[in-house]
Each structure stands twice: as structure tokens, then as C-alpha cells.
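First chain A sits with chain B, and in the next complex the same chain sits with chain C.
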Partner chain A sequence: MSGAKLVQGNEACVRGALAAGCNFYAGYPITPSSEIAELMVRFLPDAGGVFVQMEDEIASLATVIGASLAGSRAMTATSGPGFSLMQEHIGFATMAEVPCVVVNVMRGGPSTGLPTSPSQGDVMQARWGTHGDHPSIVLAPSSVGEVFNLTVKAFNLAERFRTPVTLIYDEIIGHTRESVVFPDSVDVISRPRPNGDPSTFLPKAAPPDGVPPMPAFGDGYRFHVTGLTHDERGFPTTDPGQAGALITRIHDKVTNHQEEITEIETLMLDDAEIAIFAYGIVGRSAHEAVLRAREAGIRVGMIRPLTLWPFPYHQVGEVAAQVDTLLVAEMNLGQLIGEVERAAAGRSEIVGHLRADGEPITPTDLVAAISGAGAVRT
Partner chain B sequence: MDRSEYRIAGAGGQGVVTAGRILAEAAILSGAEAIHNQVYGPQSRGGASRSDVVIATERIGYPLAEEIDLLVALSGEACSRYHPELADRSRLVVDSRCVPTDLRTSDRPYPIVDTARSVSGGQLVSGVVALGVLQALTGVVEAATLCRAVADRVPTRHCEMNLEALEAGMRLVAGDER
Partner chain C sequence: MTDVRDHLREWAMPHVLCPGCAHGIVLRSFLEAVDEQEIDRNRLAMVAGIGCSSRLVGYVDFCTLHGTHGRAPAFATGLKMARPELHVVVVTGDGDGLAIGANHLIHAARRNIDITVLLLNNSIYGMTGGQAAPTTPTGAVASTTPGGNTEPNFDACKLLIGAGASFVARVLAANPIEMTRVMVEGMTHSGFSFIEVVSDCPEYYGRYNGMGGGADMLTWMAGREVGVTGPLSSKRFVNHVPSSTAPPGMATGIIQREERPVFTGVHGEGSHGP
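Entry: the complex of A and B
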């Protein structure tokens, strides 16, 4: 492969962020995400950006939000313990509609857990970690090359929909080095900006797509930023009509554009009787397991969401309607399996292959599980 | 698909992670596909450390080692942890200071850490000496390509010492064969 380089997952995240125009990073290093901070401090100043080492993860995301309000394309990166601390500000960014990218390189938890071991234990926290009704966009790469692509996508979705976007992957993907070739350039989407008369500007008045144009502080538009429920002027309100309209709009701007957000990989589903549902690093195991089981004559396929949230209920439901068994493999004690059950709605048997001991699920494990599922079925 | 897997395991500070990275980079320089994975403990110094390298002729699906072709164990702890996992066809290279009692005929002890000490005065280049041994035993990458990968990876001021360590590793095998 010409031009191929051996690149670590966390480095691919930094390369993707820089390609996507990231020009602000605030963070507090934590294993297994620390290489992102280390490489950002090396590369961001030369790219004209700003790196700030913060005192903790709460301040990290607060600073990222401030930078974004001032017009920057801003991100931070962390792991489970830091992700917990960031939840308050993820909610604030959602409510105030401030674009930002949060990377969570998952390690074993809860608490400080297994700092250097992989896990997929934060995928429900990425959906529901912050309080209140809110939408979430969460992307889950399964290779170093995909870390690059989905980091770019995370920035573009954050800007497009004025919302925080979480990129989530485990320690193995963060630390694995693979041969990859990066593209020379990527498509970059920027937040919608206002162009009307500043004196009549309504900062939270949304066009039909639900995403209000967003000025940067200093552009000449006056606007108020609050985590309180607010009206189109951006000022707090307790009016039920206004409150309901705001919460509905921040949901709808995401759920009404799911086709722009959702990405799924499928493999050999056409005649499958069993489908593996897997994401992130386990998607790599599932892919290999499908190839091996097919060689043994087992009719098995795979569905792998690259977008975990909004959850692809429709696509998973279609697979459930077609197969007899959905084997859900994840490195936790059962998180997305609940969503798969909702999507399947009784149309297929759901079997979990779950592991939460800091070790990966291997193709060998999954081939055995597939054989077991087949044996139970017949 | 032609796929082979290598594990270099030892203690923190033996250059195990760097060695694995160099092997993977040499494979890519040769036009192959390669993946490097590291496993280490939460301690900042000491503790167990491990590098796995998967080399293949085509795009690599599952990125982790599943059946190691060659294990290089640089510490007693690494040897006792990973040696029992080896398949019958797999080979062990073990540092002479920590040879297990159940050594098989295909297994090879070499004074890797002592060689590193004599080249550099410390353990840090043990991983690179191990790479020399690995290259001479398997030929998975050309010696010249491995030299280039070492020179590309290590700090310039330590390049000469690392190349010396690499060649010393290769000579351990050559001496063994005579």
C-alpha cells in the first residue's frame, strides 16, 4: 500500500480533528485517551489553534463550550471517570445548542476500574448520562481508519445540528496501530450563521430544519446563553408552550435528520438465519467470526452500527424480521441489547454474548456462540 | 491469506512496545499489512508489558493476535504467563535468565537482556535485541528493512546503539546455528 503509515487510533482521532478544522482543545489527560492530548499539544499550535491543559474534566468541557461560542471548532477527550464529570456540561451544550466534540476512549469501570483495559461500558451513559430529556449523537468506530473518518463526521454533525457529539471507542482501538492512508482533504461542514439585521436578531428562532443560525461572540449579534429553558430571544421562560416547543425542537432537529446521521455496516445478511449485532472493536471480531462460520456452512451475517445514537431501531428491526436469532455481542453486561430487543419487538430470538472482564471478545468466542445459537434453534 | 503473529513480552522499561512498533513499521515498509497492539499495566514504571504484531499479505480483519507464531519472553513473569498459551506449532524465544523447566525442543533460550546490557549498559534496548533474534529466526522482514525501521523510529542520538543492538540479536542466532 503506497503512502501507508502505522498510526495509532488516538493519533487518527487527532488527525481527523485537524482535518475537520478543529482549532481549540481543552482537556485533562487520562488513560487510555492521553495520546490525544499529547498529540494535540504538539500539532494544534502549529495549525493556528489553541490547546489548554485544564484542572479537571468539568472545566475542560466548560472551556470547550466557551471556545465554541466564540466561533471555534472545539473538542475534548477523556475516558470513563472524566466522561462522568463532563455529563453536566454535555447537558448544558445540548440545551444551549453549542457545537462541540467529546471523545470517550472507554476503559473498564465503574469508577477508576481498569485504566489500561478495554470496555464498552459507557454506551448507555453516552445516551443518558446527562439529566433531562435530550437527544444524543454518538459515533463508534471499529478501526483506526474509521476513527479518522468518524472524528471528521463528529465535527460536521456537531456544527450542522448545533449539538455536542460523542465519539466513543475502547482502549484497544485507541492504542492499536494499523496501516492507514489518510485522504488529502475532507468535506467540512460549518454551523449556520445569521446574516440578518442584528437589531432584530432572535438567537433561538429556528428555520424549518430546527437549527437556529449561530453567531460567534464578537460578530455583532447580541445573544444570551443559558441552560434554563428559554424562548426564541434566548431568555429564560417557564411558559409551558415555549418549554415544550424548545424540548421538542432540540429532539426533532436530530431525529428528523437521522438519515444524515445513521451509518451502518452489514455483512452477508441476505440468507442469514443468525445475525450478530456488534459495534466498535467487537465488530471486528464479528466480521471475522461470520467469515469463519460461513466456511463451516452456518448461515450467519452481521449488522454493525457506526452510529449508536440515535439508535437505528428501524434497520435493526428489519434484520430481526428476517433472521431467527440476533446474537448481541458487547463488552459490558448488557447495554445495547435492550435497544436491540426494543427494535426486534419479538420478531427474533435475542441472545447476548456479554463480557466485562477487561478482555476482548474474540472471533473464536463468537464462532462458538453462533454454533451454540444454531444448536439451540434446531 | 498469509497471516503471522508475534508477541514480545517483558517488563516495563525493556523497550517492548517500541520493538513491536518497529516490527510492524518494517512490515509496512516491505509492502505488507501490519497491526501493532500493546498491553500494559496501570503503573507508570515496571509491571508487565507486551507488544503483539500481526503481519499479513492482505487487509487484516480481526486486529488482535489469536494464535501466536513466535513468543519472545524477556521476563520470568511474561514467560510463565504466555508460554502455556502457545499452540504446539508455536515457538518460544526466552531470555536465558528465565528459562522454564518445560522447554520444548523447538524453544530457544538466548541471553537477550545481557546482550542489551553489554551494548547499552541498561535494559532499554532489550526489545531491539529481541527483534534481531526474531528476524534471524523467522525472516518475516528483511534485515535491511528492519534496520531502516529502527533508524526511522529511535532518537537520532541513540540510532547507532540500537542498530548495534539489532545486529547483536541477529548474531545470537547465527552463533547458535554454528
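Entry: the complex of A and C
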């Protein structure tokens, strides 16, 4: 894969998945993610993998989960309407602790919305879309190259923590072509495997890090997998002690390892009075806006989380403690801005630059917003 | 001769099924079929959805997946595609398989993926308290059809034949030896096999419709299988239909069996991909 290649975000996702050892894909066509399926069926079989087109997105993720239980590194890709249908099985994979990767190439919503226009309207759904208490790991690349890197990371985190991981980016990143130098190989992490006696195996008994070893069906370990609340034997229970222990463990195994998961880019924050909080494609505009505003003498910087969930409250809070104003720019009517407010806890003024009309937020928009934020402040 | 009880997770007992429910008889017949084929337990995956019949997978010492409501054929598709050496058997009910999960069921049949689906039809939603199902006969009483069901019911086997299933059979839970025979035929069939087992629900369907207990229902059921001549089968089962608009009955036995290319997903070598 060495040498620069001009590829679109959706192709970088496929290349990242293959580099990460993906060997199973199931999906259902939907704009603007369909290129992922179309490229998977070309590349995956030659890489020794399996491709299946399913009857809908509910079935797609169920099939991915079945494949993962059989030992595959499995993924699916979709967009908002399909992501809504997948919430059922994101919950199942969380509860049953089945590694899988779900890619959501965001378009305008709600409902069918704006099928070919970008949006960041699904970032709260990615956190809370499935019912019940649960952890979420959600990664948000802002460039084609980063799609590759974070697809690899999504597989590794899914395997490391036995949980579904969502890679979320918008239509612009999915369809934009950029020149990328792909690495020849990447670090690949595999799920922990048991090595004890199958006859005494407890499928949900976790070591101190909270992640139980996971055999595949057919490996010689016979065990039960269920979405019902279960005990260490994997069998349903309604015992409050067992129920509380399970839900706490599957939550803590993610939140207690946030330093392994969280990735953040910062730009020119050292002397900043204003910081832009942006992610995904808006992070690109924010980067350019910071450079332009600096030329005009405005002391502005940027914080861009590549990991949206677990939300980096600590890191955003540190920025809030330093700057006068946090300008939150997102392509929705205000979703992560609420988390920024929680992180800031009154330590800085929070101003939103929000847009949900199918058009991107441009550097020019943000330079004007920075000037406005400065004017408000002074 | 092995004891089929060796296949049970006795530590997971007592089970959730009601007195008189025939699902246990169906499970026994299935375990006999497993023994007859000498299937390696480590290679047998049982996949279920949600409902009374789906809970059976919790009590068997195989690789068992208790998934989401209606989606068992999709989970099973992933297992089979990823690990073709597994024997994959879906256990579903009439609500699970023919209402919320009908879409997945017909597509698995259309693909002719090499799995077996056992659909335990007790004509009602048992686990949620006796609501009408797509299989509740017209006129029959359920908790959501207190004045009698006004909708027509599915003939599951006709539906599956229409969807392209290459093996389709219907057996009665009242006939355990016949169940085992047909299950062996279905599981050894190359491709998708669908077996509807007409089971009972004395707790709800029986009580609401004045059919007595489990033994009464099975006796009644056995007496309703009558020999007829027709293109599909030599026998038919006439379901409990209080109204005068009774359909002519449903075929029993092996109704459909044909050899078709078996779906294996799109693989590198020998695939039917691009």
C-alpha cells in the first residue's frame, strides 16, 4: 500500500479495515456510504474474507455479530436511516460483548432527510441511540487519511474491549478524494482468548481490566450468548447484585480505559483567548480559520477530539479554564455543545456556531464567528 | 446408546416453560436427531430469537446464541458464512419468525443458506401473555382478539415455499418419532431447511379457546391429522378454527425438497462475485 494514492474517504475506510484484518462485511445499500460495500466486495474476498449483502440494516449488524462470534473481525457501514435501524444490535453487541465496527457516514436528517448532503446530526445518537445504560466508543476522523487510521483504531478498540465501536464521519469526508500515503502495515490488536479448561469456562468472568476472554463458536468452548442480563456463566439472571455488576462492568471497562481510547488534536492553544471546539469535517475549517485569524492578530486556537465518546471532559475542561471563549462549531443544531458546557462548568463563555441545512461550515464562516465572539467578549 | 440428557445444561434448570407446553417434547425429538447424526457438540450452533421456543437454546450444551426478536436467521447467516463447518440450527416461534422476523426468514430461504430453521408454532404469543400472532386462526380468541381474530393467518410452509426454501416440512409435536425423522432429513439436506412444528400453548391458547390442558391439546392435534390426496402431501392438519370459514387444512410431512445451489457468501475462489 506504499506510495501516495488519491482516494475518497469511503475507500480509505475499506483500506483501513483490510489493514486491520477485517475479514467479514455485511451491509445494506445507502447513500452516502454505499462505496464502502461496493469496494468491500471487490477487495475482501481476495483477502480471504466474506461479503454478504443483507435484506436490511437490522440484519446487517446481526450478521456481523454472528460472524464475530464465529471469530471474524467484522464490520458494516451505513448512514442515518440505517444507523437508526442498527441501534437494536448495537445494544445487543454491547450487552453480549461482541466486537464489531459500525461506520456511519452522516447525511442530513431526521428521517430520509438530505441523502447526499453532509451533517453531524448523529453524534448524540451514536452515544445514546440504543436503549439502556451502556458505554459508547465513537471515533470521528476529519480527513481521508484519518479515516484510514481511525478505521484501524476502531477495529483494535472493538477487539480490545469486546464492544461495538462506531466510526462516524460526514458525507464530505466520505466522498472527498485526497492524496494519502498508506502504511505498509499497522498494529493489530485481537480480542483476548481463553486458554483454560473448556469444561470449567465461565464466559463472562472478567479479569481486573473488565474484559472477559472470548472464544469463538467452534473452538471447543460451548457457551451461551444472550442479550438478557446475565451472570458469569452467561446465563440470564434477574438478581439485582448480578445485574448491577454486569452493567457496571461493561460501562467501566470503557470509561476506566479512556486514556487508551481518547485522541485529541490541539492547535495554537498556548496563548489563546478563544478556542474553537470542532470535530470531523468542521475541524478542517476550524484549522484554516485559526490560521487566518492569527494572521489578523486574533489569539485563537482549536481543540479537536478524534474520539467523541467517551467525551473528553477533562481535556475540554482544561481548555475552558484557560480561554475566555469556547466557540463550538458543529453541523447540527447543538449536540456536543451541551457536553462542552458540562466540561467547561462555567469556566469560559460558550458560543455556538451551528448549521444544519446540508451545507458545510466554512473557514470564512468561522473567521467571522471568531471576530463576533471576540466582539461579544470585549 | 447415549442419553439425550447429556446434551442438557441441567445447571440451567428449572426451565421457564409452563406445564403442558409441548416445546420440551420438541426439544427431546431434536436432541434425538442430533444423536442420530452423531453431531459434534462443539460444532453445533443453536440460534434463537425471543419468545418461549427461543428460550430452549439456553438449556442445551451446544454453542448457543439467544439473540434479538426475530433476527435469528440473520445471526445464523453470519455464523454460517464465517465458519461453514458449523451446523447451524435456528429455533424460532410463530411470532418471532413470522411477524417481526419474517423478512429475515424469507431472505435466508431465498439465499438457500445451509441452515435449519425449526419454527415452533403454538398459534399465539406465549411469553408476553397470549396476544394474537400471525398464525392465530381466524376466529380464535387471544388477549388482543377477545371477540375472535378477524385476520387471516399465515400458512408458514406455503410462505417459505414461495420464498424459495429448498426443504419445507410440517410436523406435529404430538408425533415425536416423526419429528425426529423429519429433523434428521432437514438437517442433512444441503441448503436451507424449514420445519414447522405445530406445538401447543395450553396456558393461553388452550385456556382462551376451551381446549383443555396440554395432553388434551396434543390428543386433539393428533386426531386432526387426516389422510388426504393432494399435490403437496399425503396428510393434512386441520387447525382449530371455530368459524365456519375454515380453510381446507395444512399439509404435513415433507412438503418440499429440491436441490439448489447453496449460498456461501461472496468468497475469493469459486465465488459468484465480480
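The rule we apply is simple: the second predicted complex is superposed on the first by the 376 of 378 C-alpha atoms of A that agree within 3 Å, B and C clash if a C-alpha of one lies under 4 Å from a C-alpha of the other, contacts with A are read in each partner's own complex, and residues count from 1 in each chain.
What we mean here is this: a residue touches a chain if its C-beta (ideal position, glycine included) is under 8 Å from a C-beta of that chain, and two chains touch if they have at least 3 such contacts.
Treat the numbers as computed from the prediction; the structure is a model and nothing was measured.
Q: Tell me the contact category for A:Arg193 with respect to chain B and chain C: first, second, both or neither.
A: The answer is neither, since A:Arg193 touches no partner chain.
Q: Would you sort A:Arg284 into first (chain B), second (chain C), both or neither based on which partner it touches?
A: After superposition on chain A, A:Arg284 lies in contact with chain B alone.
Q: Taking the superposition on A as described, I'd like to know which of chain B and chain C A:Arg342 touches: first, second, both or neither.
A: Neither partner.
Q: So in the superposed three-chain picture, is A:Val64 touching just chain B, just chain C, both, or none of them (first/second/both/neither)?
A: Once the two structures are laid over each other on A, A:Val64 reaches chain C alone.
Q: Applying the document's definition of touching, compare chain B and chain C: which contacts more of chain A?
A: C
Q: Have a look at where A:Glu88 lands relative to chain B and chain C in the superposition and call it first, second, both or neither.
A: second
Q: Of the partners chain B and chain C, which touch A:Lys5 in the superposed model: first, second, both, neither?
A: In the superposition, A:Lys5 touches chain B alone.
Q: Can you list the chain A residues touching chain C in their complex?
A: Chain A reaches chain C through residues 24, 26, 41-42, 44-48, 50-52, 54-56, 58-60, 62-72, 74, 88-89, 92, 216-228, 233, 235-236.
Q: Quick check on the complex: what are the chain B residues that touch chain A?
A: For this pair, the touching residues of chain B are 21, 24-25, 28, 31, 33-42, 60-64, 66.
Q: So in the complex, which bits of chain A are touching chain B?
A: Counting only chain A, the residues touching chain B are 1, 4-6, 31, 114-116, 143, 172, 175-179, 281, 284-285, 287-288, 291, 360, 362-364.
Q: Going by the contact rule set out above, which residues of chain C touch chain A in the complex?
A: 9, 11-12, 41-43, 45, 47, 57-58, 61-68, 71, 73-83, 85-86, 103-104, 107, 265-268, 271, 273-274
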